[in-house]
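Dropping the structures in below, format is structure tokens.
Each of the two complexes below includes chain A, the first together with chain B, the second together with chain C.
== the complex of A and B ==
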């Protein structure tokens, strides 16, 4: 654009003016940065400084500005210029605070600051103001899939907040698993007695809510589109199909109980051995009176076997703890004690786990005379007089309990739809023409919940054991499908109270999504980001790496097999950009050029100068804040490094690394989040993708005649301020030992 | 005539926990134990007993009547109250231990010759007889518990302590004859007899 005007604003406050030669920085911005306007201010982030910039934008036609002051993470509320493209040169946290004190270091300190000004100016040259893409027709309706406790709670939460809700339920009635319970565990003080479930009342509220439309006996035949424009084909049992347009989806498809028939050693399938759901049915039949077995005999003694088919280390049964079963058994033992205190109720447990305020509930059951025995059941015999053989873990001996009825506390099996790993394998084979695979694919797809029309598969990706992938601490309801949120036991095992809390959270996330998407903004985690990826299709080789590597399934293929970006599904991580071998994918304010030009802008000293130059590509979510933190704690690290923040390590294109090493940098450090099962990556798979890609870069380095140690990757957490400073110094020492890069002087 | 033990067995059948709740001091707390083991870990005598309080409680729930009542474990309690202070469920563990010991003794099941039991009995007998404990007679009864020769040996071994106490006026050798009683011993006897009668009736030991 012809009317672009570039400006650099240098702050001399916070001690920057004392330690740096500001005139030198100005000169760099002018001669090398080619900035038209260059201004220095003693206190840039105060009202006057900010006003100066605003005036320049309004009156002087400045469109692009580089602020050379503090970290991009600081003073974000002051430096807001929505109409201008902004880059930040981090002179305070990145230079002033981390370079060792004293005049011995004046030279390297000044060099580092000048490089950051060069980089900021180079970056801004390549940036555009993200225009955003406001979609006025964007739907704000929320689709809730599953009408159990979580689904009804999510629907009520969203509807009460003023959003229209469409609720799709597979069976003929609302209530899910909870409607088959006699009572539930208490949610409020004094946590002493089992409570009425309240499911019928909630179902009535949902059914009569003016903003909630309920489809019973219905499933989703297809879900297509993206946040703000999902079209769900709701198929009735009768065969008719209704199309519902909605902005976001909350999936609350719950769980099924672990099949008791898989536990023959614990009496599964034998008479008078039931699971917890089976006992609820008996309790409903008794309705507060004496509980009778299937054969009509009144139960005088009952034994509960905890962790039946759960926490199994052998790999045969569920490996995990379902979290709710201890409290559920306590509640069920109370059914007996409340009806008749003389009934013997024994709970055989390994560890009694009662989350929340369950400890009070446990104590209440003890008061009522329920006996708790720490032991591990090995064999249950059903029949008229049941026997539970167990190892008493306190008395360290084998013992037997006789009971009229045995209740097995089996676990929750998530109902999150198709396992995409399995689907992908079968789908690839089926696409290759394998007839058997085609049949398998049809069978598998018939078990899908959402039937997403995404090229990545019909449901959301799963984590372990079939639970939907979500980061259970940092962003629990986010799945790897933008605008589709998981809540309740399909996400992780949980009890009813947790499921209702979950559902409320997911409903709020859905609201956040429809509101942001309507404004063309990213909903999460770069909330409010207006940029979105575009591809220069004429350069595209149709390699499909972007479609495969996108952690969120945002990219489909058009009919010519080119990538088709669904902007609303995008989280703006840039993993596609890092994946693209021909570098045709870019964001308006973040591209191969914005980073590449910064890499090139750095002044790489000659071999004789004995000043190594190290490029750090740091994830903006954790590693970059950790580096800032090192500065705030006034820790020092080597002034030979130059840090460039990246949106995610997944967005790192290998060209940056080869360019840097080719230009004579002595080493490259990549700093990203923890990967694997305990991932901390905000984009789930970004850091993992990066590690995978970079593991293959060794051959390229060898081809350049470089040691593989010239490029290393690190997992850095946000709390690693001290560690990161040490890692840098250790690496610089290592590089000095290795000697300067042989590429120096060729760049 | 059936013994108190036979009566108890007949009355509570196999439910030892109910028996403990009805007959043992603070026995109704036993069901509240959550088997955390803090008592067992806190007991300074831990390594020296057969069963920690945690195990005793578990054994009661498991119906191991004979094993619990014949055990010497609760006799080993020194009443330091460490377990009781630390119990997260606030069980009066020390009191339960003494309650169990007392109940076992009353049923005639407690281990014979258990030294702590012997001391307790001598102490109690002395207090009962005189209305207060006669230190001299109590000590001598202790020394001569295992026969005359052993008694002399014990007394000689403790000689310096004994003389020290005499010198300080804490022990009067003349009390071997006159005693060291309260004003109305027969009144005390009646009072204790009545109290025992009431308690035994309550506990079903009459």
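== the complex of A and C ==
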């Protein structure tokens, strides 16, 4: 502590100096904030103001500084001081712009500003500059799991950027599903003809690339470690095991076609009814000549049934659309028309889905004479002469088509490994001694792809329908296992063009992961954050909440059953900190102390002051910007609230709430993101965990003699500037009606 | 002048929408140097003008906030707004780029306090609401604008109104003497994330967008639904300000049509399905949405969203390409004429408001691009002959946000490969 020097810089620009008693703020910083250096500047964010601070850091030994000016979201680039710890007291968006105009409000406005200065000073005293943990031995190799089109593309992308790649493929050859295609749909103009797949050429490039090491006939027996230090046990079919050290993983394990045998009503299992993969095999055998059925008869008429076992609302088959099948059927119909224009090829579809330039491919098929009929197939009969019965949606009548061959466009079923929800249930029962569950667990784990040695299970969490997708529209690569990225049809149903794009992007994410982890930096979304949670294990009660609740599976258990933090897997959300009942987990710059000391720093008025005091804990990504936006629109809200931004509502430790209420605050508002199926929390479960934990706080409040309404939780979207102002005012009115907290004076 | 801000190991990203921001950030977070050039005064692009995203109905500014935080904390990215690419020559690993920077008339001193906006009285059509309302001619483009800095519209720069703005500024941030600047720089790779624009609805003459006030585009409808929009989130008819309750959505307005855009714009079906839920949000069971469509292209798990909308009793679907729109002169309501192809019935249906799901055309359509760039038949960027320039996002194909980000990440990967080759060649 001897070397620390604390400073407060107060800005009087943007009208702050007109509306606030700056001398009063300086006094608070000095006497209560205990700052050594206190300076006011009329325009702190300009070059001169910033230089003043830089000079103090360089010449005067300032190490910790509180900037009392605008929101932390404004002028962020101006106030960058890499060697110093910085807190921001939000006097502009948080006070000046939201407290009603007029001298009637001068007193509460000044009180609010003084509290924010107290809070900023209190916070900075507890903050440390994160040093970051540079790992010189960190591996930059990329492990690609799956050697199909996506995997080969990812491997080439990373290798061509200079990174070493280890590719593990289960079968004896590269190429995956695509190697069994006769041709592929076109990727570029003029989008008129099916194209050679290029799989063999790509496989040859991969096999001969000096940076790529390929393991065929291999699976992952175990994947242990974390980004920068994954140890993959690559098990050969022969039984030998090779250990590969890698920094990040791209999983491209593709899909399996939906089993045609599950569609007996559509002729699945009957002669001369095939799926799209089956038709490719016939086309390869024909090699551009006449396509023959399994019985050797030349096909003169073919019917394609779209959405076979897909878009199913009954719950029996696949609920989703696989996206590629319309274009695939068009391509396959062309196989026939190109060989012999006299062959009848009809595609029976409900909605023909060929977005983008696929429209030109569709036109090309129409020009070649492929017939497209809008209808819904109800029954297919196979055999020597096949028959498709369908409802013609245009003529609004039942119709039939006879064909030599019927092709069912079935969907993609992802190969994403173990469903962790299922695993967790079984694992819990098995750990509890249930013998049947133990057997189920063994069976389930045998289907794992990655075999992660993680406390939270052997594969990536899946999103919906078994795809290991991200739930974020803006961030499609965000899986819930740090440094492990999903690409291709195991992430989302997709065609080959999208899969190659996806794999190229995933390779970049993997490169990013290995680059950042070596520097000790957090990956997305707190990119570059050098802080990292540490635990005082001597205080730990081994309750396991942190290991269970971490949304990213970052925490394992050591042999003594203490939590084992894997820094490289951590996203710095603080959910573990919020979970910890004994408060032993903290970050250098964000901890129970940095927030708790702010809660305590606020001047809580006495009962007779008739000024309620409300604590707002606001998610920094959505609720806090919404509050800023209210300020920018010059909306007003009550000056009785004090806002503290938090990394995620999941990081909120209930001690802050009980401390606040114990100290005589009249209410606490928690503002987080939408939870549930359409969750918007960027740390996945943060807001959900907060609701869950806080639903249990009622008893504590009761024990304190407090009404449950003194702590409420809200879902706030980033656009809710106007709504959040109203919510605050409504809540303050409600608290005034309830009367002051009975805890006042006991704090 | 030749700027020293870039080298042949720098990546230039053109366009600061979600694709451009993504490409820039993804490359920068791999340690590469990036210049992100945006022609308007703010980053964010078209997505920041959307009310909600399908299928989660979440708000685009949520992801923008995260991307802006990534950007603010990353010294590898240099953002240049009001900047356009005038010329590119050279080849992979060594492109000479000419940038033109338009005057903003406001310097980095700006604190976004708003004094200049309060001081001026001149107004301009609000670009953030497609000109459906007006804002002061000294303005912050929108609440999430980045850089968070005001702009003075060129129309007032040399007028007494401009002087008012200058006089009001206490931090000396207004510089009315700013001139257009030209910068020459060298970069190794260029990512074109120039995005899309709505197809000109005036060209679809039978729909009367140019004649009928109550025929609007899907983009304008986004602004009507948005509480930050010109009507405060109320679905009001432009002709009389009355609430529109019976709303028609016409799909493929300009798309899948060889007379207009030959491609399918991909996003419009989902955008319309989403917009029917705006009608529900605003009017509950009292609203009525009718979708006139050819195929509903709700691809992959978007199918869930389609199925849920089909269950919504306020939404009906008519498989028909609307032939023409006439006007009920008495109430200014559009009347849609066409044939329902499911059963072949003719219809003449009156609606309070018609929303044209207009197609996406590349923003660079009609713009002179470097000769090197390879375009497809709809002017989407396929790549470049010298293989060092790449399309990203909806500049490369009509894509939704999720796939634009995917595409932009892939483009960043390709640009990083170019830089790697350049760097290793020079080292050797």
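Everything below uses one rule, namely that the second predicted complex is superposed on the first by the 743 of 747 C-alpha atoms of A that agree within 3 Å, B and C clash if a C-alpha of one lies under 4 Å from a C-alpha of the other, contacts with A are read in each partner's own complex, and residues count from 1 in each chain.
The rule is short, and it goes like this: a residue touches a chain if its C-beta (ideal position, glycine included) is under 8 Å from a C-beta of that chain, and two chains touch if they have at least 3 such contacts.
Values in this document were obtained by computation on a predicted structure and should not be read as measured data.
In this overlay on chain A, chain B clashes with chain C. Looking at the shared chain after the overlay, A:351 reaches chain C, while chain B stays out of its contact range. Comparing chain B with chain C, more residues of chain A are touched by C. Once chain A of one complex is fitted onto chain A of the other, the partner contacts of A:394 extend to both chain B and chain C. Of the two partner chains placed by superposition, only chain B is touched by A:371; chain C is not.
In the superposed model, A:477 lies in contact with chain C only, and not with chain B.
Contact with chain C, but none with chain B, is seen for A:505 once the two complexes are overlaid on the shared chain. In the overlay built on the shared chain, the residue A:43 is in contact with chain C alone; chain B does not reach it. After overlaying the two complexes on the shared chain, residue contacts for A:189 are found with chain C alone; chain B is out of touch.
It is stretch 41-49 of chain B, out of 5-13, 41-49, 95-103 or 167-175, that runs into chain C when the two complexes are superposed. According to the touch criterion, the shared surface of chain A, contacted by chain B in one complex and chain C in the other, consists of residues 352, 374, 394-395. Across the interface of their complex, chain C is touched by residues 13-15, 43, 45-46, 70, 74-77, 157, 160-162, 188-191, 311, 313, 319-323, 351-360, 374, 393-396, 464-465, 467, 471-477, 492-494, 498, 501-502, 504-509, 511-512, 515-516, 524-525, 527-528, 621-622, 625, 629, 632-633, 673-674, 678, 680, 682, 717-719, 721-722 of chain A. In the complex of the two chains, the chain A residues touching chain B come out as 352, 362-363, 366-367, 369, 371-374, 392, 394-395, 399.
Listed in rising order, the residues of chain C touching chain A in the complex are 18, 26-27, 29-31, 53, 56-67, 69-70, 72-74, 109, 111-113, 140, 143-144, 148, 170-171, 226-228, 256, 262-266, 295-304, 307, 319, 341-344, 376-378, 380, 382, 397-399, 401-403, 405-410, 412-414, 416-417, 420-421, 424. Taken together, the chain B residues at the contact with chain A in this complex read 17, 31-32, 34-35, 54-55, 58-59, 61-62, 89.
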